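Sharing a structure, written as structure tokens. Questions coming.
To keep things simple, chains are lettered A, B and C as they appear, and every chain counts its residues starting from 1.
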Amino acid sequence: MKTILYIIQKEFKQIFRNKGMLPIIFVMPIMQLIILSNAATFEVNHIKFGYIDQDHSSTSRALIETFNASSYFNVIRHYPSENLASSAILRGDIDVLLNIPLYFERDLQKDQYNTLGITINAIDGAAAGVENVYVTQLIQRFNTRLKVELTQTSDQFVQPEIIETIPLFWYNETLNYKTYMVPGILVLLVTMITLFLSGMNIVREKEIGTLEQINVTPIKKNQFIIGKLFPFWVIGMGLLTVGLVLARLIFNIPFLGSLPLLYLYTSIYILVVLGMGLFISNFTDTQQQAMFISWFFVVIFILMSGLFTPIDSMPKWAQHLTEFNPVKYFVEVIRMVMLKGSGFSDILPNLLKTTLYALIMNGLAVWSYKKTN
Amino acid sequence: MSNENVIQVERLTKTFGNFTAVNAISFEVKKGEIFGFLGANGAGKTTAMKMLIGISKPTSGEATIAGFDVYKHAEDIKKNIGYMSQKFALYDDLTVKENIAFFGGIYGLSRKIIKEKSKHLIEELGLVDVANKLVGALPLGWKQKLSFSVSLLHNPKIVFLDEPTGGVDPITRRQFWEMIYKAANQGTTVFVTTHYMDEAEYCDRVSIMVNGKIEALDTPKKLKAQFKVEHMNDVFLKLARHTE
Amino acid sequence: MKRFKGFITKEFYHIFRDKRSLFILFGMPIAQIMLFGFAITNEINNVDIAILDHAKDINTTEIINKISASKHFNINQYIEKESDIEAIFKKGKIKAVLNFENDFSKKLVKEHQASIQLITDATDPNTANTISNYLNAILIQYQKEINQDITLNYQIIPQTRMVFNPELKSVYMFVPGVMTIILMLVSAMMTSISITKEKELGTMEILLVSPIKPIQVIVGKVFPYIFLSIINAIIIVTLSLFIFKMPIQGSILLLGLESVLFIITALSLGILISTISETQQTAMMISLMGLMLPVILLSGFIFPISSMPLPLQLISNIIPAKWFIIIIKGIMLKGVGIQFIWKETLILIGMTVFFIVLSVKNYKIRLE
């Protein structure tokens, strides 16, 4: 036990002495949490919109005015010809183009209906889908108005049957993205810092030769490993704490669940990450390799975690793969506990899987750390 | 020097695939002896030493260090030996005091003893002014002396030195050897590998390894007589030429 | 020149000796592009929902059948009372509950109106919103069917043309992003590390006192990574062409040149990082922690930049990855030539020059 304390003490000293690293460990994650949480939004607004009006009728003007008034569409630009408009799409100046042909109003009155060409830049398929919904909704609303204006007298004899939907958005009534993203990004930052630091740590001693010196001492494998990992565990928990405080103060994210529960889960989760880092460290000879492998896994973990894109939409095999992703579990848990107030029994499956993961990773780490070769 | 053998090696062998790095070497070292372990680069010195200090498993053969078997009791061996590696192995980003405290701590010394030893050692090495400076900022010679003292911190029965004087100036080397003598006088067995043939003269006995085998083992005086030369260097050259 | 060639050869040796890194270097883009191409999508599919049907009549049954036929939804559970909703949301699997009121059919016939409560777990606002949109679409369709005999007058029917990605494949969005993130991080990280490593080991000094000029040292260190990154870019483009059937509408030559430009930008950023870090650890943490999230989040890789708050839109301008993503999407999907992307190209060139000038300046200060 006393031996472990010596190692812990040494690690802390080394961390706090490295002036280049301190801001990276403590300031950078916090800055990123504050800034980047604002960036992660799938909301589609400020849509870059342009139009061609060849009709110049009152209907076409009214239609354009509808778009102008909508808060979703921004930067209304007018193009005199299709050529100019299409090169604007190519340049990326506009993403949605409305093309009102000549005789639009006349044909509408004559035929009682008319079609209208909309062009949407669909490279971002999801955004294009949403843009399409917005356009359709605006035009539908316009249709209703049109009907009232053009058919003042025509009463409908048969009243249609209407199904009304009452949407209720629980836990996040205003559909605020930050509520969703801040906890997730916090998970990422905690994961990255602890994984990178632990992944580099032992391999660094290997590279500078001090590990050999340690190996000839009577120190026990697990003492050494615990002593090495404990400081990073503390840093991870500290980062979580700072992140939670900021989430509350800056982003006003609710915390409905139990704080001790979240800390309990996190304390086990960080063990998984540390074990993983150590395992990587044991299998590599240089810091460069260790970093590279950690990076490889981190990118996959981030993008397969359900943090940014929903796991449910992935094909089944990919969903099964995410079962091996510890980040996924933590992202789920932190969102459940913070935003929904889920309790112990709700997160129990994730807690158990994470604990199992921690046991396996640390078992592998201790097993693969050899004092002898 | 007593007659008690603290190192006993019998046909110790290490192979890596087809390559035999250490080929059935046998020798013994007595308590308080300064044993020089010589050989050209790649002769197998470091590999042999790593087996003796318990960080490399032998392929075959026997070895007992301070009464413990290298196969079964590697961890017990570690409590009874000190080791100073070829690469400088103190932490550059810790101070002199912190390094001493850290290594004392992991060898299980009490805080009180560490404090006493640390004070004594810093005074003895003349490091009082730099005791709170980072080790990385010290000149190499000081680092080496500090490193040696740290390896003796827990009063090991045997201390293994892997080319301890590589790259330091002649005066520091001299001082370093004085430290070695002092340790030996106090009963610590010193097992030292070196390149410098003049240093071999300071040893009680030397062994010379060539291509994984011990080709000669005796006191420097007898070896010189046996090969009919003036200096150890010539013994070494003759042996090397002989096996080519 | 001959000396220089020898130096570059040494760098290649370093890299190719390290089989593990090499494996990752090439294995990674392949694994990532496959994973992201097949698995990552920001569409909303297979959402698990629960039904709370107080009416259990003909209309509600028809609606439920329609919903279960949709690929977007997966009816996971039928519940009996409102109080169950909270509990199932807390478990986290089910994202929405559809609550049909009592006497649904009766009300529909008598009062011409019946209502459905759609309760969504809005912790994920995007999913909640999209679920709501999809369900509305299904209900509107159903409404049309039951009101078939009533025709509506004066309709403008929008005919939408989805250009550049008619099938709305999300892989078109992600491939340029993954390519950018790989090139950016590999180039910046590897160069910054390999230069600081020489600094840390003290071998940099040896190189600097040798007759090789400092600039040659740097170019020599960077050159192998240009080579490796180009191979990576080729692998990624080839995979996206043959496996994901992504088109290259524009000129392959232009795509190649722009990629080389971006690789050089990333490498010069790596050099800059190496001039400000003392240890490999610092260099790595700067390139990993400092670059990873900003590149993923602020480049338009996943999240549309135009939806971000204005300050972030401004910040996104200093992310080289943003400009490169615009360029690749332009060339591959829109088929544009240099006349449409010269601005972005100039910005990348400008950034490269800036990074290099700054590195040289930092370097000189160090030598004095």
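Note that contacts are C-beta pairs under 8 Å (C-beta built on N, C-alpha and C of every residue); 3 or more make two chains touch, one makes a residue touch a chain.
Chain by chain, the UniProt names read as follows: A = ABC-2 type transport system permease protein; B = ABC-2 type transport system ATP-binding protein; C = Transport permease protein.
Every value quoted in this text rests on a predicted model; they were computed, and no experiment measured them.
Peer 1: Looking at the contacts, which chains touch chain A and chain C (Transport permease protein) alike?
Peer 2: none
Peer 1: Which chains touch each other through the most C-beta pairs?
Peer 2: Comparing chain pairs, contacts are most numerous for A-C.
Peer 1: Please work out the Cα centroid separation of chain A and chain C (Transport permease protein), and write it as a whole number of Å.
Peer 2: 11
Peer 1: Rounded to a whole Å, what is the gap between the Cα centroids of chain A and chain B?
Peer 2: So the centroids are 56 Å from each other.
Peer 1: Touching two or more other chains, which residues of chain A qualify?
Peer 2: Touching at least two other chains: 18.
Peer 1: Given the complex with chain A, which residues does chain C (Transport permease protein) contribute to the contact?
Peer 2: Listed in rising order, the residues of chain C (Transport permease protein) that touch chain A are 18, 20-21, 24-25, 28, 31-32, 35-36, 38-48, 63, 89-92, 95, 108-109, 112-130, 132-133, 135-136, 139, 142-143, 146-147, 149-150, 152-170, 172-173, 181, 185, 189-190, 193-194, 197, 277-282, 284-286, 288-290, 292-294, 296-298, 302-304, 306-309, 312, 315-316, 326, 329-330, 333-334, 336, 340.
Peer 1: Give every residue of chain A touching chain C (Transport permease protein) within the complex, in rising order.
Peer 2: Counting only chain A, the residues touching chain C (Transport permease protein) are 18, 20-21, 24-25, 28-29, 32, 35-36, 38-48, 63, 74, 87, 89-92, 95, 108, 112-130, 132-133, 135-136, 139, 142-143, 146-147, 150-151, 154, 156, 158-173, 175-177, 179-180, 185, 188-189, 192-193, 196, 200, 204, 284, 286-289, 291-296, 298-300, 302-304, 308-310, 312-315, 318, 321, 332, 335-336, 339-343, 346.
Peer 1: Enumerate the contact residues on chain A facing chain B in the complex.
Peer 2: These residues of chain A touch chain B: 2-3, 5-7, 9-10, 13-14, 17-18, 208-210, 212-220, 371-373.
Peer 1: Which stretch or stretches of chain B touch chain A in the complex?
Peer 2: Touch list, chain B to chain A: 53-57, 74-76, 78-79, 81, 83, 85, 87-94, 98, 101-103, 105-108, 134, 160.
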